[in-house]
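To start, the structure itself, in structure tokens.
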């Protein structure tokens, strides 16, 4: 049982690690603020989710799980907010996104 | 029956009470003006009693305040102190009367303040006279300095400010930097602040250090106006004349030389000095001062300045007497305190009278005033004779003893110096009555000398003659001082 | 920034849980990391978030500055009061043993109250600091 | 009413977190929750926006779907980042929700799925930035819009 | 009840202003907040006097806070040494509070007054806590209370003079660096001994000889405290802080703030590290002695050339602190006693001088500079008279308190065969007459504008009292002198 | 396993730091700092498991909270020029 | 040698950090930067203390029945808790002063401010043109 | 062991680089962000050094509140730091000297984590024992904080209170009546 859980955790951690590292790479690689937000979003969502899942496998059902879930919920809740507000502000300060534009811009 | 302790208190406190009362009754001007003389009379009554008890060789110790363990403010009667106390309090009567006349006649401002500080200065001088230990001596030495500052700068103008600065910097500087550590040194060396008739330092201090300690004392006592630190005295002449008269002829400078004598006799002890020769350098310094200032005095045209330099020179007599470290010389020095005081106060009174009466300050302006103010110049003449040392004036006694002492000590050169100095004295002092009586008047100025000025002047000049005949009690005291009765 | 609906709504939703979390930290300081300071800061940060999003004036309406001042002192008074009570009970200052029926319960009560005092002061000071800084008027005197 | 609901939510949260179930701590918990509710009420936070109860029934369903979407887009974003084929585009979409809460949920959902970000919100229109046109197409299908509108449950 | 009071006296002294400060901030009324402050400082003064009596019986009181026995809990130690700064601080603060009544509302906006009084009490409480504590870290906490409160008080001067802000800022930063250095020192010592309690520390470092960490820890502690005590090269915060603070605050700070730190310095040097004699002797001889001598002269000379009077007095404080540290540096019983005597006397002298100068400034409504003083001696005779007396006391002239301290200082130096130091001390004190006289002269001699000034009793009453003390302790110093000698005995009696 | 997670977090952290340093616009930095915060939250949680005391997740929560509020504050500063403004 | 160096190298880093912080305080003329430096300095000192408290193989000092192990030293933690709060208090006060200074002087550079002060001082004293203070009447 | 060292080295490197960046940078906002980051990393360091409570506090107080305060203050301050004219040599030298002294003395400090060091032997065991027996709460830090050294904490509360009152008194808003009178005074510039 413990072994299986450990394997699950390892898998989750692996995926999580991958996603945060790729996210970080994206943060460096991508050309402008707006596209970087996507990479950051990867760290916030994919990374967090998998890591927390992996840890939940370790704890079983206990107080710690609750807290882990809370952390997850909190990050899920705040991450889009900060991303959006950042993007919004960048737009307000007249930073235009690169690339082609389809449709009109507000 | 009033005990001697109470007499000390009476003597010391009556000027203080005068000072405290003066501001409160400044509305009743007349009463205020009388306070000084009354205080003087009470005070000198006490001083007389103290002197008589000193003559009976009563040993009186009075501790007023115990500041902390081992230090206190206390009073004690020494023969020398009794003399000085009497001089200061007795002459204060006349000076007070005189100053009323002077201030009124000159229409000075801030008279109340003047009288108050005047009284405080007298108080400090009296406290110095009866000081029981070195600390008390030092404390009131400083009080005297500070209480005279408002008097010196009474005019509150630029010149007064400059003079006041010089006055303070020399007196305070020297006393704080040198006198205080010297006193503390004695304290540390002997373990107490007491003084004794034969000195306290014998065997307590390394002989090699004795001249150094003496130097600290000598230069610390700026009021004795030895040569490098004499500058304050002429500068202080910007003060109103009563101040110059009482303080810079009697209280302040006499406090200085009194302290000097006390240090020489009661701290070092003349035997100790004679044995170690620690004071030899002082003899030469004092002699030099004596001659140099006499010569300077000749070239001063300002009357008060000339008198000031004369004072410096006379003070050096006293220091010299102490430094010679023989009993005769010391006696002479002690007597010179009183004789010179009587003489010099007269001279200053005259200078003030001339200023009030005719606004004259320069000697060269005096030509021919002898007739219009003959009494004044007569007083001046008598005073001058006393200072020169001509019998039957008091000054002759002290000069006589000093010369004897010099002969005793083996420094024959000093006798020569005395002689030269006497000639110089005669030269610069006699010029004034000579000009007044024998020179031709250059311009006509009416001389109006108020009675309140004239009378004290005459009385003090009379005193110089009186003293010649009544020197005996004083002489007894001085011989008690040197332990030979 | 309250006209940005995303920010506004997330603040509205998060506000109460943050305060609750702060109070949780406050009262569970005995068992895990946390205590008055941390709790105070968390509670204060909830209010700060509120003020940031809805504006400082609204924030002051929610938490008037005079109440803030009173609570600011009250925290210290509670802390000192516990000490003084223990002194009146005959012990030394801040000795909690006599506060409860047994020394241990006395200690518990004491620590609880003391931490409460700390939390109150810290949270109120932090809010007060934020308010003072944020509503500073940059106009020169005279 | 809403206050009570908030209270119960908070109190259950407390109980879940606490782990100490003695009288003192629980009563402190109650006091804390009451305090929270009071402050929230004072701050005028207990309304449909601060406590969107009407979401509750269908929320879980939506979340599972959203999570799936997030995983998918994570994968594709990772691909894009590794490949480096970035062709960002900006466009606007219309929204069909009524309440602000729902709009915010929609916007947040867009943002949460990596690859798309809402950059501006105006009355009925969002400005969305996408990493490349594939992501943009996902949004433009309006699938998510419908889901959120369904979640809102008002019409 | 009385038992409880007596038992808890050591803490009550600190607690009284501390707790009151929490209440004062809530009172919006100016008058009542002042009344409460005065009451509190008075009670503190009363407690400290009671404590003094207690000390005469017991000689050493150890108060375990929270009933945890010393090395475990925090301890308050009050002995014959600590009582001196306690009395100084509580006494001066009482008079300063009385002085503050009229002058505070004039300089500070009405809305902030209660807060300022609260800070005032906090500063006092911090200083008192500083001197009573027997725990090195607790000391830091109270150091910070007092310094934060004093910084804020100094900054309140900005309402009349904007330079107060810069002064307060420098005070804050330098003070914080000093406190942090002190904490580093405490940390290093804690690292090698494992204790924070001073007495325990003394015992535990006795077998650590030549431990580098010990030396460094000691050094950092000393530097930190020296910053707070404004010992010479670290004094740069002081002149401005004193000069631009609100009047009442300058009085409080000048008279008390550095005293507490100086006491801590003495305590660290002679009590905490009494077992590392070499270290202490070297520090005294090669660090503190030269610094003190430089301080004496630098402070005095700066004061002579200074034209802003409050700054002038602050420079003179630097010099006076030099005297005190010099006394410590000589390190004999007599000299340390002299240091304590001067600490006490300097507090009352500076208190008086600052009260006088600030009330002058208050009446002329200007920054007090040498030019502005013209003619004030005649316009304000009472203040001027007290000012002169206090100045004379500062210059160390007879019949004043300052003379006593100078006398004992010189005696101590001469009896330890260092007559050159005695001469240096006296030269510097004679120089100090120069700047004091400069002021007196201007007030006395120069004609000023004819201003009609009516001195108010509410302002000069505390000036008169402090001046009276200046004279009184010059005439009856046995209390101070005996106390100081007992303190010195306690500090180094068993050492040398 | 946990160590691996930690190392991954560390690598991510360094990469993000590179972005912070490179910066370009302030918004890039804010974004990167925010991501760094998330990574650190994860790291703290993992560290708890790694050191066998997983009960200290409160710190992670606080961290996330502070991260959020900090970002909001910075953004507010940029949008209105002060933290007190109402716009 | 190496082992002892490893044993204390953490101290060295902490000391370096401290010195950088201190340098910011005393070397920089910008008032805000000084406060930042102070924060860095203090935080580094906190690290020093916490490093003292660490025990190899220890766990955080929170008792747990299920774990029997060594607990790290709690005392430095307590001290630093205190110190952190003190630090933040200092920072807050410093910042408020900087704000006021900026308002009054229009600058927070030390050079600029001392130049202004000097002019002020000169106006006040040398020329005798006395600056009236803002006393309330 | 190695891994602990590794984590430690990583964090320390980050802290050092942040500190150096702080020396370099002249932009205020960047300074503030870096300071916040420094505190956060320090908090991580505290966690790895077993000081969870401290980490908690540092994260919330040191990083959270002070950053917000910095930001709040920054709004009114110049956004750029000017290059100073005066030399930075002497401050740097004195810092290096102090650092040198500290490194010199570090050889006599106990090795990190050594259980036999006096610091762990002297008083700390009594706290650990006492917290269980006398006080009965698991968090030793809390029991030391609130009970054994409760007075320190009291002092600390007072420090916070002091700071609060001080800032309130300093930044007190002026009476509106007075504000109307206010006129901007002419600035005195360096060259003027």
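By letter and in written order, the chains are A, B, C, D, E, F, G and H; residue numbering begins at 1 in each of them.
The working rule: a residue touches a chain if its C-beta (ideal position, glycine included) is under 8 Å from a C-beta of that chain, and two chains touch if they have at least 3 such contacts.
Note that the structure is a prediction, hence the values are computed from the model and not measured.
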Which chains make contact with subunit B and with subunit C at once? E
Target subunit H, source subunit E, minimum contact steps: 1
Pair of chains ranked first by number of touching C-beta pairs: G-H
Suppose chain centres are the mean of their C-alpha atoms. Which chain sits farthest from subunit E? D
Per the C-alpha means, the centres of subunit B and subunit G lie apart by a whole-Å value of 65
So, what's the distance in Å between the C-alpha centres of subunit F and subunit C? 25
So, in whole Å, the Cα centroid of subunit B is separated from that of subunit F by 88
At what distance in angstrom does the C-alpha mean of subunit H lie from that of subunit A? 30
What are the residue numbers in subunit H that touch two or more other chains? 50, 52-53, 55-57, 60-61, 64-65, 68-69, 72-74, 76, 102, 106-107, 109-110, 119-120, 123-124, 127, 138-139, 141, 145, 147, 149-153, 155-156, 158-168, 170-171, 174
Could you list which residues of subunit A touch at least two other chains? 23, 25, 37, 63, 67, 70, 78-81, 83-85, 88, 90
Numbers and ranges of subunit G residues touching at least 2 other chains: 18, 22, 26, 52, 59-60, 62, 64, 75-76, 79, 81-82, 84-86, 89-90, 92-93, 95-100, 102-104, 120, 134
Can you list every touching chain pair? A-C, A-D, A-F, B-E, C-D, C-E, C-F, C-G, C-H, E-G, E-H, F-G, F-H, G-H
If we count contacts the way the header does, which residues on subunit H are in touch with subunit E in the complex? 101-102, 104-110, 117-124, 126-127, 130, 147-152, 155-156, 158-159, 161-163, 165-170, 172, 174-175
In their complex, what parts of subunit G are in touch with subunit F? 59-60, 62, 64, 67
Contact footprint of subunit C on subunit H as seen in their complex: 52-53, 55-57, 60-61, 64-65, 68-69, 72-73, 76, 134-139, 141-143, 145-147, 150-151, 153-154, 156-158, 160-161, 163-165, 167-168, 171, 173-174, 179, 181-185
Using the touch definition up top, name the residues of subunit E that touch subunit H in the complex. 18, 22, 25, 65-66, 68, 71-74, 109, 111-112, 115-116, 118-119, 122, 125, 129, 135, 137-138, 141-142, 144-145, 148-149, 151-152, 155-156, 158, 184, 188, 190-195, 204, 211-217, 219
Footprint of subunit D on subunit C - complex, ascending: 4-6, 8-10, 12-13, 15-17, 19-21, 23-24, 26-28, 31, 50, 54, 62, 112
